[in-house]
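Worksheet: one structure, shown below.
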Amino acid sequence: QKGETVRIAWIDPLTGLMAPVGQNQVKSFQFLAEQFSRNNPAGVKFEIVPIDNKLSPAETLNALKSAIDQGVRYVTQGNGSGAALALIDAIAKHNERNPGQEVLYFNHSAVDPDLTNGKCNYWHFRLDADTSMKMEALSAFMKDQKDIRKVFLINQNYAHGHQVAKYAKEALAAKRPDIQFVGEDLHPLAQVRDFAPYVAKIKASGADTVITGNWGSDLTLLIKAANDAGLNVKFFTYYAGVTGTPTAMGAEAAGRVFQVSYLHSNMGGVASQVMNDFKAKFGADWYTGSTYHLFALLSAAVAKAKSTDPVKVAAALEGLKVKSFNGEVEMRKSDHQLQQPLFISVWQKTDKKNSYDFENTGHTFAEVRAFDSYVSSTPTTCQMKRP
Amino acid sequence: MSSNGFALELIDARKCFGKTEIIRGANLQVRPGERVAIIGPNGAGKSTLFNLISGRFGLSSGQIRLHGQRIDGLKPYEINRRGLARSFQVSNLFNRLSVYENLRCAVLWSMGARYAFWRFLADMRAVNDRAEEVLAMIRLDKRRDQLAVNLTYAEQRALEIGITIAGGSSVILLDEPTAGMSKSETTRFIQLIREVTEGKTLLTVEHDMGVVFGLADRIAVLVYGEVIAFDTPEAVRANARVQEAYLGSVLAETQAAAAPSSFVGASA
Amino acid sequence: MSHIHETRPHLHFRPWNVGRWVIWGLFALALLVAPMLWKSSFAQTMLCQIGIAIIACLAYNMLLGQGGMLSFGHAVYSGLGSFLAIHTLNLVGRGELALPVSLVPLVGGLAGLFFAALLGYVTTKKAGTTFGMITLGIGELVWSMSLMLPEFFGGEGGISANRVVGEKVWGISFGPQLQVYYLIAVYCFICTAAMYALTRTPLGRILNAVRDNPERVEFIGYSTQHVRYLAFMLSGFFAGIAGGLGAINFEIVTAEVVGAARSGAYLLFVFLGGATFFFGPIIGAVLMVVALVLLSEFTKAWLLYLGGVFLLMVMYAPGGFAALIMMNLRVAAFGKLRKLWTAYLALGGTGLTLLLGGAAMVEMVYHLQLNAALGPMTPFLGAQINALGVDAWVGAGFACLTGAFLFELARRHFLAQWGEVQEEIEREIKRREGL
Amino acid sequence: MDQILINLLNGLSSGLLLFMLSSGLTLIFSMMGVLNFAHASFYMLGAYVAYTLTGWLGFGLALVLAPLVVGLMGAGFERLVLRKVHAYGHVAELLITFGLSYVVLEVVQLVWGRTPLSFNPPTWLQGPAFTFVQSARDGLSVVGGAAPAELCRAGQEVVVQCSRFPLTRAFMMVVALGMLLALWWLLTRTRIGLVIQAALTHPEMAQALGHNVPRVFMLVFGAGCALAGLAGVIGGITFVTEPAMAAVVGSIIFVVVVVGGMGSLAGAFVASVLIGLLQTLPLTVDASLASLVRGMGGDVGPQTPGWPLLRITLAQAAPILPYLLLVLMLIFRPKGLLGTRDE
Amino acid sequence: MLALENLHAYYGKSHVLHGVSLQVRPGEIVSLLGRNGSGRSTTVKAIMGLVDATGSVRWRDREELVGRKAYEIAHLGLGYVPENRDIFPKLTVHQNLMLGEKAPRRGAPARRWHFEDMYAMFPRLKERQHTEAGVLSGGEQQMLTLCRTLMGDPDLIMIDEPTEGLAPKIVELVAGYLRELKNRGISVLLVEQKLTIALEVSERCLVMGHGRIVFEGTPAELKADAYVRKEWLEV
């Protein structure tokens, strides 16, 4: 397999609502593909084939067909669980109907727990931590924050938002039964321009803490409206580090916005190095850490299987442990969910220790708690069918 | 009230637009097979009357009966299905259809095609023949496949009348059918109207006294929304109120044309 | 008098009937051989989508072109057809319903018909802008509902199904894409024929009349609302079939199928194909799939190109491609196409230069915006050009400017020629009429 | 109490922003019959242009210049493109604006990038305009600007709530009202409004009477776009300046124009405020049909048929209410609230 | 005052006027007669700049009108009353009249016509002044178009079939007003179908056929010329 080129189709939005995220991620992949091609245990080269799916499940399937036609056998996708669900299904069918042409699917960011539970599939590997895992970590952190008494849940009205709300309620009920849920809201995805009414509602509820799975403009606008109205509460978020949101948070949100993630701005080591190089090259921030996982896992698996054949690589990936930027990670065999450490970080001014300047705001995410893999590991209901 | 055999009957019809009452209790009884001309000053309400009869507007009060049955309050298409057709003062055609298709549309309902979408037009012999027949009648056969928009004004007027008569309704209302036509065209048109309305009840609004006196069996004079006279042409012409309200000094001119057929030539 | 005209329709229609058989034969042949020419699975998915889009666009044009109803929400009917079809497919898959997969699109059609009957009753009361706005409103409503009712619409993940269910009939399992393609092709052919036939029926003709002059229609015995309503339901039926086929083709249906973007695409591409001719939407459908699926593969600037093409088309060829074709056919029928040959060549050549220059610059700008850090090399039509190189810019700019200049010259020349030819044709027609 | 006030003010101010947008659309729609699908794109352009101008000249000048620039762009578009298409009818006009919206979106992304810009209000518009202080003991009071911190600090025994109303929103309301007055004056006190309406149906005749119809159309279109641009400047600083900002307001402004009654400025105003409130106030209500039935003693639960519908709370349904209003309005009163035309 | 020289006009590609020449002198009523489709309306529209034309139309021996925009021509003092009642249907009667007025220019002489004159001329219009013009009766619309053009204070007015659809009494009235116009020094180019009126009020008659002028002379001469009447006016 040495010297072979492994081509990976990247199927994510380059246009539309999620375009900024997609743009950033495609760069991340290309950047790391270049780095790993120079040096990896399998001695293969990586090439990214970007295809725009416009955030649409149907288009995702078109993109998949197109990728397969081009002879690509590895696919990665992550923005939007909708597209992910379509893809996991389509790839399963494809692999079943076309033996010998199997395709592997690396899910880099779609966090719907279903993908590794009810709907789990042998050809799918998730590199992000799913909603339930992140909530495990988040609630474990919140457990010790004694000033949290009243929590308000505000989420996007679609699968991801529903799940964040659901797991938040479950996890906190178990860990902090004294916490009161003073309100819960689901707002339409990416359609709300004016969050002031929601902020007024949060205010009226007397909440001191908000938990939200919002991302993109929905988070940006929410925090902006909160700043405007002088809503002085803590935000516990999943995606405060995604393009655009840090800028909106600015100085006013400092100290009040927390993020749960497997990568933050000031981890040092490989992560910081990639982050700095990336910034130097593109002037943008590297925040999709799973791009790194992908190459780390894939090259290790290829080396282990001594082949780039997806069938062999898939088998090699099961239970594979590698060292990644955030410590040792393991591709759990039972459900193909990567087990990895998670971190809680807070938005604050850059300082000596936390010097990485996020989106040139003079602010950064500083680690407040780190959790080992086992802490956030959640059980799975997956009944993996292996070929 | 007995239906005593009138083709069309207006009983104390009234129509208000906002506060202004335009038709103020009009009464009119038209016998089957009769040709009636309605005259009256501009704005007297002649076209409005037609609009009321044909169902374009609803009555404010009163009754309208067609062959003894009440038709006020019905939709235009329901009235049309009961055998009443009308033309418009300003041509109202299907602009992007050919002349032939215009006519074909106009005969469809009366030939029982209804909303059929399971039969081909091309197979409907009777419909096609009737359309061709009307086409020849209104002498537009040369223009058969032209779009209606591309016709000249006079041709459009002819088509307008063609559409009105095509369905073979028994009561026909024509609103200023010859407006904008030259004398010679008018003569031809009167002839045409005579032909095609043979045996039918005809109501027409006209300002051209040549047409009026040349065509009508009886004349109704409408002034300020009331029928002030309804009588034979001679009687109407002699009526002092009519002279004052409508004919004015042109009376001389019309009288010069005592015989309807010679009038047409004389004024040219 | 009637005697003379007796024979006329026959004389008139005979030659057309032959032509019609040829055209339909060619259409069937094209559907038949298309997958043999384009073999890759991606091409076949595209062909499938084209087949589906043809039905949907023709159904849409029943409203727009035939009935003058400008709908902003027709995806509602194709989309709900999709959902019903996929739920049916799942029922079949669970063995709760015995229905051959090949008939599932009809379920979609019936669903489309049902919802069109339900919602159309209020929408078709009015025509014109009011109609357009109600459809816009209903479209938005259904779309918003789709995210609120995940039980039926499956949330953002949508509903997925497996089309390979039940017994194989004649060895057809609908697993391979090719089998699905032929299913779609059969539906496409039948639906196209049915919709064409519809334009030749009393309802079809009266629908045209309603488009032109709804007021007058009321005075020749027809209820405009009734006509619109019927047309709306029929259109909903065919749209639903398209939706049902879509469900089988993708095996997943998500909320986007009822979305405004889809409705907008129907409108745009039907117009682009040409709403005034029956076959216009077919061209539109092909363009739609090519633009949305293929173009975006080639270039990141596809939206810009798409928008630009729209602007130009609407400005210079408002009748769509169908009208362009018909205009040239007319010229050809009079044997005058030869005269325009050179003008067309000049137009094409200069236009291409202009396009190449322009596109090169657009690609370079996009590259600088999005991928600058990957190095200055931009792939363009297989070549690599340096987006930071002065020579690349000068070259592209030069091509663009000279192209534009020459194109303008060619365009003027062409217009003059075209005018001349048209005048000759007019004269010819006059002469024939005079005969 | 303070929350009700804040909610009302929020609804009102978002309604007024809608009015800023829809007034331009109404202007263009009613006068030229053009359904300008690119209207929201001009709104976006307003924000972006103002962002750039602010960098050069400061916000004050940008506030004045950006609408003018956008207006010029609109006029230029009318002059060079729309005018050509006018003869082909309204569908063509609509589609050309549709096409334009694609192009504008792409161009904006090319020029300003795809990520949100940090377009912040100038210092004189930062901070709250006033603060409601609701105290369990002293009741409601209003403090200009930000309330001093000690006022808001909850004591042991009294609960104090401070709700700030941002200056940008207050500014937005003032500008919208000013715009209403200016437009009202323009349309009723000048003859240009009449000329436009006349030219809409009979352009040739209006020309034959000595009116320069093409120029009037160009002015109207330009003015409509300028209004959208102004709304964009203010929307840009209040919300976010990003490529998606056009799509978000895109269809709601059509609802406003139609509900208000096409061509009626007063109607657009009433409808804007109505829809602003309709989008805002229901958000505070967490009642659903299910809770209503329960309240009346009924027994419903997840097994009840139609539960997915019953379960939706008013707050969740709020986004669809304007569209529901639109559909109902068109069914029962097609000419809109204050409209005069039927079709 | 107005002189046409070899005017050709086209609707798209179809050539309708084939070289029309005619003059209108100050304070004169000239009528333009002919069969349907002979090109009379087109002539008037061509003068007004509403159809594509080539050739020459000179106004007061100074201005060349061909190639100018309709609104410029209107500002030079020509008025046009169309044949198909192009009233503005959504505006009220009064607003329609307002639109007849032109924006005031510096140094312009005092206007000859005011709203009161119009309402005095046709009291019916005064009664309906706040009604939407679209619902007016056919005849009322005809009156309105005439008055609307007069509000623009033209020096030469071109009227296309002003008596169509008017009651006989009103036709008589209109004839009177035409003479009144003439007395006030306004030239009139009258396109008519009704020979009676045309012959009665005009000084000169022109007859058109197939896009050309085929006769020119006084009403008396026309009455006398049986050939022209037979060939070009009747069928």
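When the chains are written out, they are named A, B, C, D and E in that same order, and each has its own residue count from 1.
The rule is short, and it goes like this: a residue touches a chain if its C-beta (ideal position, glycine included) is under 8 Å from a C-beta of that chain, and two chains touch if they have at least 3 such contacts.
Bear in mind the structure is a predicted one, so any value in this text is a computation, not a measurement.
What is the minimum number of touch steps required to go from chain A to chain C?
1
Measuring between Cα centroids, which chain is at the maximum distance from chain E?
Relative to chain E, the chain with the farthest C-alpha centre is A.
Could you find the chain whose CA centre sits the greatest distance from that of chain D?
Comparing chain centres, B lies farthest from chain D.
More C-beta pairs touching across which pair, B-C or D-E?
Between the chain pairs B-C and D-E, B-C carries more contacts.
Whole-Å distance, chain D centre to chain E centre, using C-alpha means?
48
What's the distance between the Cα centroids of chain B and chain E, rounded to whole Å?
30
Taking each chain's centre as the mean position of its Cα atoms, how many Å separate chain A from chain D?
For chain A versus chain D, the centre distance works out to 35 Å.
Quick one: chain B and chain D, Cα centre-to-centre, how many Å?
Roughly 51 Å, centre to centre.
Touching at least two other chains at once: which residues of chain C meet that condition?
If we look for residues of chain C contacting two or more partner chains, we find 144, 148, 150, 303.
What positions in chain D touch 2 or more of the other chains?
109, 316, 319
Using the touch rule from the top, collect the residues of chain B that touch chain E in their complex.
Residues 17, 39-48, 89-90, 152-154, 176, 179-185, 188, 207, 209, 246-251, 253-254, 267-268.
Would you mind writing out the residues of chain C in touch with chain B in their complex?
1-2, 5-6, 8-9, 13, 197-198, 200-206, 208-209, 211-213, 215-223, 226-227, 230, 234, 433
Using the touch rule from the top, collect the residues of chain A that touch chain C in their complex.
14-15, 23, 27, 30, 51-52, 54, 56-59, 61-62, 65-66, 68-69, 80-82, 84-86, 89-90, 93, 97, 112, 114, 157-160, 162, 188-189, 281-283
Residues of chain D touching chain A in their complex?
For this pair, the touching residues of chain D are 3, 6-7, 10-11, 14, 109, 114-116, 118, 128, 131, 146, 161-166, 168-169, 235, 239-240, 242-245, 247-249, 279-281, 283-284, 286, 315-316, 319.
Along chain E, where are the residues that touch chain D in the complex?
My answer: residues 48-50, 69-71, 73-75, 80, 82, 86-91, 95-96, 98-100, 102-103, 148-149, 152.
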